Structure formats: C-alpha cells, structure tokens
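In what follows, structures are represented as structure tokens.
Common to both upcoming complexes is chain A, partnered first by chain B, then by chain C.
Take a look at the complex of A and B:
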C-alpha cells in the first residue's frame, strides 16, 4: 500500500514540532531552517498550514534534473541522491510547489523523502494535523465530515428495508 | 550542546558588536535565561543606576532548552533594571523569536550604552549589525515588523520591537515579538527605547544540538505525554486558554474589581472564555477564532481573536478587522474586572492596541483603574483627562485611554507613569494597587492568601508568575491548600519561587508546571547540557537566583519595608464571596517567610545564606 502525508490544517497550532522532528531526522540537529516541512503562520486569518512535498507521480523536479539525481523508490517517493546532485538548483525552479530547496551548507538540494517510510513529522505532531495514511484514502476524514453533515440533513429515519427494483444487485 | 557557548555584546554608544564566550562556570551555577542573564547584569551594572540612563544594560537571553523540541522550548527573557520599579526586571516571552535567536547561535545578547540615533539590531547567524531605524521610529510594533521583513526580503525573520509607547518612556512598555507575544512587564520596552534601539531582528540557520540525543528524546517525549494527559495542560488551556480562570477566580471571590474595592465582578461571565467561544448576537461570529502555540509548545493556550467589525472600537478601521492575539486572563481581568468594563469586544480591541503599541495590559488596566477611582473622588477631572469621562464601567473611556497611552499622547502621558506615580501625584498613593511600583495582577490577596505573600516578596514587583500559588490554593497542584488561610503559605511561596526561578532559566514556559515538576524537567535539561542536572540541583539554582535578585534589589535601595501590600488589602475586608470579612494576612506570613529564607528580620539575606548558596 502506498502511503502519503495527509495534512489537516484545521488541527495545526503552529508549534513547529514537525519542523524540529524533520531537521533532527535529516540533519541530526534541531534546525527549522533546514526542515523539509514548513508551517505557515496565517494568524491574521486564524489559520496555520503545514506544507511539504506531495511526491508527484510525474515529478517536475525529477524531469528537470540534468544529472538524474532524483529517482523514484518503490513507494513512489522522489529521492535526491547526494552523490549525484551537483547543486544546480534547476529542480527548485521546476517544482511548482517550492518544496525542493537548496541547502547552502552541503551544496545539495533537500526535499521530503518521507523518512524512508516512517515520517518523523507525523510522529511528532501533537494534534494529529499531520498523519501518514493510505494514499488512496487521503480524503477519508474530509469525506467523513461531509458524510456526517449529510446524515444530519436527512429526513428519513431507519430501520430501512430494500425496495423492489432499486439496488437489487441483479442489474442485467 | 544546549548552550551555544556564545554571547553577543553590542555597544550602542560606539556602534560596535563583538562575540565572547559564555561564562561556563556561571552557566553551571545559574543554568541560563533568567538566572544566567541576571548574573551577568548584577556583575556588570551599578544597582543604583538610572534604569533609563546609558549605564543600564538590556539583555536578551535564551535557555538551554530554547530551540529544541522540548515542549514549550522557545522562550527567551529580557533582563534589565526596570524603570517602573527600579528593581530587577525579567520579562519572559514565547512566540518564535527566542528559538530563532538560539538558531542564530547565541545564548544571549547584551546591549549596553545608548545609540546617538534610532537604530535596530539585525542578527543573521554570526553577523550582527546596527542599522538606521529613522524610517520606523515613531511607528507601531506591527508596522515595524512588516517594514523590517520587507527591507531584508526575509519573511522568515523574527522581530522583537517596541511601539510608540516604548520610544516615549511609558514606564510599562513591553517588547513585543512575532506581533502578539510580549516580554510584557516592568517596562523593559522603555529601557529599549531609552537606548534608541527600536527593534531586534534575527534570522538563524544554525542548529541546536543536545548532549545526549537518545536520552533527550526519551525525556522530552515523556514530558509531552504528561502534558497531554493532564487536565489543565491537555484540555483546559488549549480549549479555553488562560481565560479558563475568569469564572473560577471570580466565584472564589478573588477577582480584584474596580481597583480592588470589591472582589467579585458582576460582568465576569460576559468577558470569560465561555463568552469568547460563544457566537456573538451581533454578527453570529465567535470572538475566539482559534488557538495558537508558541514555538515547540504542545499545550497551545494562545488565543487568536477577531473583533466584531461593527463594534464601536473598529467600525471605520478595517486595519483591525483581521484576527490577532486575543485576550489572556490577566489582560481580560486588568482591562475588564478592574475597570468595571464587561464589553468583550472593547477589551479585545484594547488588547490589540497593547500588542500594536507595546504595552503591558496588566499595568495599563490597573493604572486606568486607579485613575478611575481618582476621577470618581474628584481628584482627577475632565480637565486633566482631556474630556474623557473616566468612570468605572465606561468602555469608551477605557479604549480612549489605551489609545492615548499607546501613543504617549495627552492624558496617556500621565497614565504612562504607572499607578504608583500617578496616585502619588494626585495625593492618594494608597490607591495604587502595586508592590515596589508594579501593579499586581488578577488574584485578590484577600481571597487567595498565598498570592499576597507572592506579590509582597516578588523581586520584580507584584507579579503572579514568580510563585503561582494559585495552582495549589485553587487547583490543587501539586496539592490542595486552603486559599483563605495563611498557615503554611510561607513555605509554599518559597517552594514555588525557587522552582519557578529554575524553570524560567531553562528555556521553557512556566505553564508546563501545571503538569510538570522538576522531576519531569530535570531529565530534559540534563540530556541537553553537561552538569548532572537533578531536581535538587535545579532547586538549588532556583534558590540561588532568588537570593541574587534579592541582593540586587537590596543594593538598589529596597528594604523589608518594600515587601508591603497596599493598605486596602490589609485593612478593607472583602465584602462578598468565600473571603468575606478577610483581609490579607501578610503580617502573619512575612516573618516566617524571612526565617525560612535564611534572611534577617528586616528581610536581608544573611552572610550564612549567601555563602551556603554561593551567591
């Protein structure tokens, strides 16, 4: 099963524990400037939004890289190979989302690689704003919210019985 | 490791900056932030210096846990001699600025002298520059923050700045960082203004490492679990913020009302956490929009509020129609209960102005409250107020006074003196609800007896955060004591004071101590830095800090006579609620407190005490 980070901005408090977990995992120190995930503070609109690479199926960064330093692993994750990266930054221009960035201290680019399948950010998030879920069910929680509203709006009360000619399953 | 080991020294008179190594012996004795920076200050300045003169120094200091994933590990403090009190001042703030300063590689920044012209300090990792601030002098906190980020084309900078009040010597001016978090008390912003230093902008890209990574993650994860499972830190504070206290303290008969003439406010419910979370009748929106955490905080008590656009305070001012830092309990009380104003939107607007112009809402509200009493007594008239009808309960008067003080204009200049100087000027010094010149906050010393001793003995003037015995007396943390009795309170206050001094020196928020004891905190500190940090060592450091601060004040001219509450609390009994008929029993607690502290009957630390603690 392919999994992805699912972000629910409504639960974010802007504490930046995700940024610290990310930098600790990838840089061996607490350093939010080098985090692959970033929390945006829109407090004037009462919103805080974590944002990171979504692992595009057809990734601009990968296609733009002139030295093929970005490959796709078995989980669909786009991984930068430091031994191949020449620090040209073309991928940072190609990425429409800004989630590939240059690290001046190493001369390579950095991006989210889901920590090899155990993303530190989602582990560290204290409010459940960042979860790691089945990529095909990323909309589950949102659907559930709307389903709840739909349930509240219904006028019919159970128990329900099947009606002839509807959803009989015999079809053709 | 934990500490960066570097101190930035900025001489504003000469415009020079230099890096120097942190005194590691002192770091072992005083830990960081409050304790360590106070050690530097007391060693470097004359305790009798003019707080607003060039001989005073201003220190921004982080702690060993600042800039780490320890919950709430983003705090910094500003340490200086305070102009409101003439005593030691140490104001603590959250937001993101403190962590950014640590990421830039500095444990602390010492600012000395006075710049010949307005400047701001810009620190980017190792590089520190004093830059021309003439374009932002005379502007607000919010404008300054925006201007600096645009000027440097760096939205990731974090800015701590003063507003117009701090430039103009309002004696309880705050230093505000990240637009709505503040080193709020004792007038640290006025000291910054007196040095012609408008702002301090910082951007850090260096990491913070800890001594033992595995032990650190274990200790900090354990700590986070404790916070999450605790009713106050895991539920009460994130849901309701500190305003969770409004109704509870009022019902306990411990809410100073109308300048402490009363102890219960009939309008408390209208300005409570519950009111903030209830849709308004006017526009159907809630005052409270969401909660926000400071850096690394897993509690997230901060309030983000939005004012009703049709409310009289903002009706033609779209610049205030966005969400911003809303009411905390102390501000809601000071601006509300204490002035008799129960208009939630007006209080929120006053809080916005405090953030925008850099004012301590506690001292502001308490000073307006004292002025209201002077007005009702006819000692201040509309001639002095410039036509403001300064009656208790007048929301428009509260708002006008806040605006004027924020800009240090008109009657705001007089309010900017603080209640002690204002009341003395109008012949009724007894009407200032302050200790050592600083106004006390939202707990009545008649209804919560331990808080009377807390206010009286606080080294920075009246303050709840130096020993929050409310935790024990009201909430039963760590164990329940009776708020109405004085027995046992001397020991309780001392224990809270010493532990809190250590917590304030670690880089974390004192609110963690609703759930954490030093048993939870010491392992986190110990994994971050060298030195074998046990709960006992932290407590000893806390007691050392307390006595060091006390000795500074002693040299500054304070004596046991200054450990005194306003006569109203000692003579006028509470008229309603559980404390009905009670006055503060400070006179019963103070001698025992001195004795427990190892101080003389006049409140001076004995030679044996100082030598035992190696102060």
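Take a look at the complex of A and C:
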C-alpha cells in the first residue's frame, strides 16, 4: 500500500511545527527557511495552507535535471541525490509547483522526499492538518477526483487540501 | 523498426530511452560526436571548479545503462544523409540504414572573428575536452579574460571565480545577460561582479589576441576601448548556433536551426529533430525559435521519439527559462521577460540588497518574469506562465505587491486543477502515463 501526505488546510493554525520538524529532520537545525514544507499565510483572510511537493508523476524536476540527480524510488517519491546534484538549479525553475528549492549553504537543491517514509511534518502536526495515509489511487486519479469534487471551488483549496478520506500527494 | 539517433546530448539520450520504452523490440542506435559517455554541457562549470569529477557530468551514471537499454551507442560524426535511400553516412565510413532518424546534433559555439583566436590558451567552454584545456590554464590568481557575458559566459564566470582566477569579462552589449534580463537586472549583476573583484567591460569588443611578451602571461588581449590586458587564458563564450552544416543537400530544411513542425518532424520524410539543433515552437510567441536549454532538449527528445514511434503527440511549445548563479547572486527569467506588446508590469526593486522581481502581464495572465536574489518557490512563475491561468483579481494585487506571488499562485492554480500544472498535458508525456492525460 502506497502512502501519501494528506493535507487538510482547514485544520492548519500556522503553528509551523511542520516547518520546524522538517528543517530539523532534514537539515539538522531549526530553520524554517530550509523547510521542504511551507505554510502559506493568506494574512488578509486568516487562512493557512501547508504546501509541499506532491511527488507528481510528471516529475518536471527529474526530467530537467542534467545529471540524473533526481530519481523516482519504489514508492513514487522523487528523491534528490546529493552526491550527484551539481546545484545548477534548473529543477527549481522547471518545477511548475515551485516545490524544489535551492539551499545555498549546501549548494544543492532540496525537496520533500517524505523523510524516507516517516514524514516528520505529519508527526509534528498537532491538529491533524497534515497526515500520512494509505492511498489507493494513482496521483492523477486522485487529482481527477479532487477536481470533480471541487470544480466549483472558489477557495484556495487544492490537491494538497483534499476532504477527509481523499489522498493527495505522493504514492504512485 | 530501425531508429537512428544522431547526437547523444539530453535530447538524443531522452529520445533513445523513450523509444526503448514504447518499442521494446526496435533496433536503436545512438551516435555521439565525442569519445566520452553522454554528458551534460551544463555540468561543465561544476567540473571546472571541482564540485564534480568528469563522471559527475554524465547524463546517466550507470556505465551499463545503454547496454541494458539495448541502445547501441557509437562514436562518429555525420557525413551526410540520403533521405530517399534512408541512409546516414558517418565520418567513420560507416553507413547506417534507418526507418526513422532523429537529428539531435545540438549546437556549436560561435567563433568570433578575432585575430589570434587560434593561439594556445584561447578556448571555448563547450566540451569536456574544452574543460580539460581550461583546467590547464585557469590556476589560482591566473589572469583570465572571458569574452561574452551572456548566460553561458556568466555561468563560466562563476566557475573561473571559484577557481580563484582574476577575471576580466568583456561584453559587446551594454549589460550582462542582455538576452536573459533587462537593464535593471543586468546592471545589478554587473555591480555584483565588480564588488567581487571581477572587472566588467560592457559595450566593449575584443579586437586582438596576441602572444604575451617574454616573462609575461601567455596572451595579451586588446579591447576596442584602446586598453589591453594580459591573460593566461581567454575563454570565448559569445553564443552558440545550431549544428546543421552536414544537412546541405539532404532535403532537411534549415533556417537558423532545423525547421520542424508541431510533431518535431523535419521537411524530409521520416526525419525528426530535437534540441538545440532545431527551431521548436516557443510557447510564449507561438513561433519557431531555437531555445537552447536543457529542459527543452529533453521535452523535444521525448516528443520526437513518441512521434517517431507512431504515438502522435502535438507539441504546444516550450517555455524559455533560465536560472543563473553569479557568485552567489541567483537570477532567473521566464517567458516574455521583456514584456508583452500591450501589457502591464509589476516591479520590486531593491538595488542596495540586490533584489529584483518583475512580472509581465498580458490581460490578466502572467506571460513573463525576472528575478534577482529571490529563489524560493521560483518555479511557480513557470507554473503560472505555462498554464496561462487567468489571475483575475490577483493580477491587481500583484501589480501593487508582486511579492505576494506565492499567495496568488496557490489561490489561482489550485482553483483550476484540471487545466493546472497538475494536468500532465501541459508538459511532455511520460510513457505509460497516458491514461487520464488530456490533450494528447
């Protein structure tokens, strides 16, 4: 059974525990600027949206990499190999979601890789806004379900913010 | 089916792998023009400053990769193509029959007509062999003259800087990266370089290259402003042009690059082209143009291969985009960064802190962007431009506060999931992922 991050933005209080946990887990320091998950703050509307890589099947980042430093693992997760990444940043402009970022202190790019299967962000989330769940559908199917159910949506809810029981993110 | 792929850069390799995926029994031959395994020219600067070794530039790391994929990888250069007999002759004398041929011969550096450019220590920076030559001459504290401050020149600039060279960069245009960014951004880059001890000469031409005096650096470089400078190494980076010379008489029509249709087929039957050697569609203008960047080469390679294999795939066009790290100052540009003919512009300029963001709108759509000193979630710019989302009220918000781009992206992109960057059809198809992908 594949698993994915399921994000329910309605439950997010912008406490940023996910960002802290991600940064600590992956960078060894509490520095939200280096978190691979970010909470976007619609400050005029008091609304918060956790946002990270959906491990999309298209993997623009992977296709754009000139040295094959991003590969897809058995769980469909797009993983950056630090030993191969030259830091050219082409993936950061190629990813149309903007979820690959450059880490100037290492000279490499960083992106969510689900912490190898135990995502620190979901462990740290106190409100259940980020959960790590089994998924049954492939990424694009999930997207279609989401799209159908929110066709008239005028909110900022996206594939990362499905209703309970729907899976978003990785897992194909 | 016999597929022959002429060229082993990102376009050629991607095409070969895609063909193998969709046609398991085909015979696939890929011809590289250089002795090394297929590698990325983009990675050469990182080789020059020692971040990776030569094997770190390879497109695929596993030495058995091409054998495992049953892709026959041979070395040779194109002699000529007989498109009626469907034969490709190589410089080695070998003649290959093909059912479908892909030309992915890339581009070559333009050699400026400067007297003395054949002297020892005058190099381009385009091949692994070039990089080896540069490594011979680019020592710590070596005086180096870099000719050309375009995108490629500026990437080489960083590599030379990190090697500790003393750099003078000479650019004919009034600013650095003139074909990637505007005056404000180019000016910022220039000031940044000067602050790092790089001498930047814009509006200047190199007029002569001569041997240096006895006991002096190897070369003496004369500039159009009357000055001259000693150099251990001169790197020429004034631009590239499509490598198409061998096509004369082949029936494959060329303009500045090979002319292709929306299926990346050339004017000759059963011959396709991909990457820097051809003029694919620029999605921003709808017109053919040579977009010599890695992501476009890969996109072309995949689409051309699918069409060669009979899986019709219409190419909507590629987005021009670049990202550049100039000694720690990171800049990027996307799409119509020069602005639409009739459009509006949002700007954020902080000269003191080397930060700049400029968004170009046409109607309520984002059509182009430039950033200096801003890297977080920068790919969202591509997402918005390539999908052509209507920004609605967010355009007015962005005109006032371009820094709210990320909010705008989430608000707008996620309201259109079926046509958004989530939908596979805006990009190249992935083999085996056709189910559910609209627009193929």
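Rule of thumb we're sticking to: the second predicted complex is superposed on the first by the 136 of 172 C-alpha atoms of A that agree within 3 Å, B and C clash if a C-alpha of one lies under 4 Å from a C-alpha of the other, contacts with A are read in each partner's own complex, and residues count from 1 in each chain.
One rule holds in what follows: a residue touches a chain if its C-beta (ideal position, glycine included) is under 8 Å from a C-beta of that chain, and two chains touch if they have at least 3 such contacts.
Every value quoted in this text rests on a predicted model; they were computed, and no experiment measured them.
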>> Just to be sure I read the superposition right, which of the two partners does A:31 touch: chain B = first, chain C = second, or both, or neither?
In response: first
> Of the partners chain B and chain C, which touch A:135 in the superposed model: first, second, both, neither?
Replying inline: neither
> Is the number of chain A residues in contact higher for chain B or for chain C?
Replying inline: C
> Thinking of the overlay built on chain A, is A:75 touched by chain B (first), by chain C (second), by both, or by neither?
Replying inline: neither
>> Let me test your reading of the model: by the given contact rule, A:97 touches which partner, first (chain B), second (chain C), both or neither?
In response: second
>> Output check: A:63 vs chain B and chain C. Expected answer is one of first, second, both, neither. What do you get?
In response: second
> Which of the residues in chain A come into contact with chain C in the complex?
Replying inline: 38, 40-42, 49, 51, 54, 56-60, 63-64, 66-68, 84, 86-90, 92-102, 104, 107, 140-141, 143-144, 146-147, 150-151, 153-161
> Which part of chain A faces chain B closely enough to touch in the complex?
Replying inline: 13-17, 20-21, 23-24, 27-34, 43-48, 124, 126-127
>> Looking at the complex, which residues from chain C come into contact with chain A?
In response: 10, 14, 40, 42-43, 46, 51-52, 56-61, 293-295, 298-299, 302, 321-323, 325, 328, 330, 332, 334, 375-383, 386-387, 406-407, 409-411, 413-415, 417-418, 421-424, 426-428, 430, 433, 435-437
> Hey, which residues of chain B end up touching chain A in the complex?
Replying inline: 67-69, 96, 99, 103, 156, 179-180, 204-210, 213, 224, 228, 238, 289-298, 300, 304, 306, 322-325
